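Common to both upcoming complexes is chain A, partnered first by chain B, then by chain C.
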Partner chain A sequence: SQKKGALRDLKCVTNNLQEWDCSWKAPLGAGRGTVYEVCIEDRPRSCYRLEKTNIKIAALSPGDHEIRINSLHDLQSSMSKFILNERNVSLVPDTPKILNLSADFSTSTLHLTWNDKGSLFPYHSNVIWEIKILRKESMELVKLATYNTTLSGKDAVRHWSWTSDMPLECATHHVGIRRYIDCPHFSGRKEWSDWSPMKNISWTPDSQTKVFPQDKVILVGSDITFCCVSQEKVLLAQIGHKNCPLIQLDGGNVAIEIHNISVSANSGTNVVFTTEDNMFGTVVFAGYPPDSPQKLNCETHDLKEIICSWNPGRPTALVGPRNTSYTLFESFSGKYVKFKRVEALTNESYQLLFQMLPNQEMYNFTLNARNPLGRSASTILVNITERVSPHAPTSFKVKDINSTAVTLSWHLPGNFAKIYLLCEIEINKANSIQESRNVTVKGVENSSYLVAVDKLNPYTVYTFRIRCSTETFWKWSKWSNERKHLTTEA
Partner chain B sequence: MSQREGSLEDPQADDSVSLLPHLEAKIRQTHSLARLLTKYAEQLLQEYVQHQGDPFGLPGFSPPRLPVAGLSAPAPGHAGLPLPERLRLDAAALAALPPLLDVVRRHQAELNPRVPRLLRRLEDAARQARALGAAVETVLAALGAAARGPWHEPSAATAAAAAAASAAGVFPAKVLGLRVCGLYSEWVSRTEGDLSQLVP
Partner chain C sequence: STAAAMRGCMGPYQHLLSQLQRQAHLTEDTSSLLEPYIHLQGLNTPILRGSCTEHPGAFPSKDALRGLSKRSFLRTVNATLDRVLKGLVALQKQLLNNDLKELETARQNIQGIRNNIHCMSWLLGGSSETAEPMQTGPGSWLQLTSTLDVFQAKLEGCRFLRGYHRFMGSVGWVFREWGESPSRSRRHSPRWALHK
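Coming up: the complex of A and B.
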């Protein structure tokens, strides 16, 4: 217990661990002109005379230190002793200061930058920043976030972003920041700094009433807030055919909250705000990101042009400029082709043509799908010579060699010079079982082919047709046209 | 033939103007076209509304009749105007409609690319409005009541203004489209009514 005239409540605070700011309560009855003499016992030449009740001293080393404070007033003196230890000191960091607060209204994102003043702190320490975001003039707290960094002994500009659930145009947003330094070297109490001065951001409405967000694309099932920035009183808000409860914001502005939004029609879901004699609206497109392209297949009819086809998978409900775009990328050559959409077709066919490259048989394709909600991809590695699905043979002709043999000729478009073709000849004779013969022919480029068929019966009507594939079989072509032929008499 | 084929300009002239056979045929033909297009215009308006999503088409959904650059609705007093003046206003409106219908079609091609029938109807409407407007101009000229000054060239400014309104967001563009289809329907049916008074 302190004697009369004794000082009270010696408290020391530091914001950088290098200097302690100690203060005490003046003794009862101490008037103006009181002089204090402060001495730190185990520190040489450390006596200070001052007329105020606080003093800044260099930080003391860990351990107990005796502090003697003599108060001198009207020739009366009173001396108080304190034991000061780092453990009794509070680390209260400096109040941070926001360098810049900006808004990207199109994405409803706030961007915050500040200087962490790392140079003022001797040690590498973890810092916890707390950022609060308040909305409207009534300063409703809408976000309290923490963000961890490390002080590095140098000043560093820190960045933090936040995407608002409500369009930033709808209401004024205020931002403040404070920090807590978790310094392992310091045994005293650690406390939060004060909050920084608030910075705010708001949209400067022009005379026209506006609805936000404008024409946004979102994932089905999302929650979204729409608002109407209006000077006129809004009487009704609808999404599609449903009325929505109005949330009052500042001024005449109102908002509606939509939860778990359902998928939109192609032309989007209308959100309409109605005033006494006007109507304002926006459209939201609720859809899905693209599925990974399914059943991706790449083959060729002619070893000149590769045709990749796929199934888009689940419909995204997004069309037009929001539709999925596809790009086929071939990694060995680095070439790519883009899918050109023909949406008017009811059953849109998904395929892309890729020109074959000289002397390249292996193709590593990646089909990238992308829409405003996301992207996906499928890949396929093919040796294109093993993926030949020839066109149907054309100009199919039969000519006699003799009464038991004929030649078959046909044309097959394509550059098959590097491969062998396997063709199947179907031979039909009236009232007889159908016969099938396979022949292998050396491929050529864009040319006709000729084979002989023997062991036929003289003076007999045969029906021939042919189809081809490749020696490394992938798919048969369609059959050629049939040719009826009467063999000559023996 | 220097003598004008029946003039409507003389205010004291008897209403029952005796018209030459081929002019009468031209008027009948134009009137029939107007009647046909009136039906098509109503179909277009219904189809348009059907593909904009609720609340379009719902009872109680009546967006304000915002002004459309270069084109206004038939004035309430239109029916009281002299017939030539009415037909001249009809022709002017029909001339202003094609670029507006084109703006609507281009917007719908992005919004409803999988509704080819709507897009085709919008395309047809632009062509038909142009054709009907020209036919009305021909009738007016034959009656010596053609509009003074050049033939109503649809102004690029009209289309530009409409396109700007369209670019203000999808919803305003939908409302603009509704307005233009409505105006198209109104003016075609107005033209049909005005022409019906010429048909003997």
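Coming up: the complex of A and C.
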């Protein structure tokens, strides 16, 4: 219901749902000194006189409200009526402000913090933050990310990180942030805030290093960008023997993009940038994370020391300081032992020694493998008394008892006091079939053992040898040395 | 003791000299160590080979060596090879997976040369201990410190080996200038002057 000379385009905006900022366009011909009288019909004592074309009013309750605006100019008055409803109001959040932008150049990661000003907003609401990252002086958009949080009625400092595909040393990065409040309590239009003032970050050369990233370890098949900080014009870039197209950055800086990088040799793959007078380079190590340790086995020779062995699986192509490190952790005791093999031979069985613990037979081992590209693990639960693989018997001797019986003695290193040993005696007689007898002996600690062997023929040459295991069989030891013996005459 | 060490010295001057000449020639050959290193470290491109140049002053120059007395020369070669051995140890650490078996061969060859140098010094009358070795310039010796990144360490190793082979070539050259007898040097003999 607008007449000639009436006001136009009444618009109301709010950034906190508590206060509406309403503005209108002055009537045609309204000059300086125009006074406006704004009245909200169904709100007592709510008439305001002002000389500007906007007014802040407390948010109106849902539903239609009639607003009457009188414009008084040179004794002429003109009155306009509007129907104002929350639905016509726009929620435009405050422009956010970045608290801090920092960079971890070693990982090419930007860290952003800002205050979400939750205290200024009355309701718990979902907030969508949009973060844009621009690169170079030409402000190329390289990343547009969204990040969801909730306003909780209190201010909260928010953190967000981003790992750049390009090393941060080689180009200035600019960051801006804006937000959108998705408030369920508000029926009006919801709009994005303005972008925050941009913050930027660039690298100040602190060393001779020109090429980045330095000595990077990455997964085979990855894409990676290398760049070179240079005042001189870079003429050529190579990875290994392959030339790469140059991507111009700011100043003399350039970058190259490598896709699906292939596995490196042990010494890594060289990346080289060449100028008229100079050559700058770095090395990249493209490899694999450690395989889960395979064929993990834990046993003991002597019930004193446990030997865990395993196969590393697929070679990682990473050696030296980037090699796979192994840690054997025993969960019942909480003890662990570390294995760090700087010069790893591929596909060769690895092993670790773990000292047995008094009165502990059950061992729950986890073998953790780790290198710069990842980690893996294998576990094994053993009752170590059932995993005894004794050393070969030593000091094996034969002594006569009589013409048809002898004693066999031998030494077996190990703490077998709590178990029974099962030993196999092999008896050979010239021109006769080989005979084998099993004997069970009570284990002792680090001692010798003695058994009698009877039913032999008098005055006969026998060859004896022995090997042992445990009653709960796991593995035989190696055979002892053989002993030839002539039984006495009858 | 020195006496015991000397007992190992065999053969007359001429035999020892030709042995030293042969050893120098052997170790001068870049295929004995530098080339395998270049391939192992992925430096086998024209650009990287071009950068693999000897550090000026790291090793005595040929002219400098030629200007020394025999005993100073032996002393200088011995002292330089001692530093080369230390350099090879540093190189070994850099080569993580001990892929370069030529390194051990080189170490043994150098040890052999040093033994013969001791014998030659003894043969020339008295230990070469007294003669002052020529100080190599302040040129950067093999700096494989942990502050170097991997690429720089690779290049440093390459430049070190480049210098080592060149140095051994110069040593061989000087030994070839030595005369048939301990007292004379072919460089001072008239006939040699005619050849120049």
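Simple rule for what comes next: the second predicted complex is superposed on the first by the 476 of 490 C-alpha atoms of A that agree within 3 Å, B and C clash if a C-alpha of one lies under 4 Å from a C-alpha of the other, contacts with A are read in each partner's own complex, and residues count from 1 in each chain.
Everything below uses one rule, namely that a residue touches a chain if its C-beta (ideal position, glycine included) is under 8 Å from a C-beta of that chain, and two chains touch if they have at least 3 such contacts.
Every value quoted in this text rests on a predicted model; they were computed, and no experiment measured them.
Superposition of the two complexes onto chain A shows a clash between chain B and chain C.
When the two complexes are overlaid on their common chain A, residue A:241 makes contact with chain B and with chain C alike.
Legend: residue contacts after superposition of the two complexes on their common chain; A:277 is shown touching chain B, with no touch to chain C. Contact with neither chain B nor chain C is seen for A:166 once the two complexes are overlaid on the shared chain.
After overlaying the two complexes on the shared chain, residue contacts for A:419 are found with neither chain B nor chain C.
Once the two complexes are laid over each other on the shared chain, residue contacts for A:265 go to chain B and to chain C alike.
In the superposition on chain A, the residues of chain A contacting both chain B and chain C are 211, 214-215, 238, 240-241, 265-272, 279, 281-283, 319-321, 323, 343-344.
Only residues 51-56, 58, 61, 63-64, 109-116, 119, 169-172, 174-175 of chain B touch chain A when the two sit together in their complex. Residues 40-45, 47-48, 50-51, 95-99, 149-151, 154-155 of chain C touch chain A in their complex. Listed in rising order, the residues of chain A touching chain B in the complex are 211, 214-215, 238, 240-241, 264-272, 277-283, 319-321, 323, 343-344, 346.
Of all residues in chain A, those touching chain C in their complex are 209, 211, 214-215, 236, 238, 240-241, 265-272, 274, 279, 281-283, 319-321, 323, 342-344.
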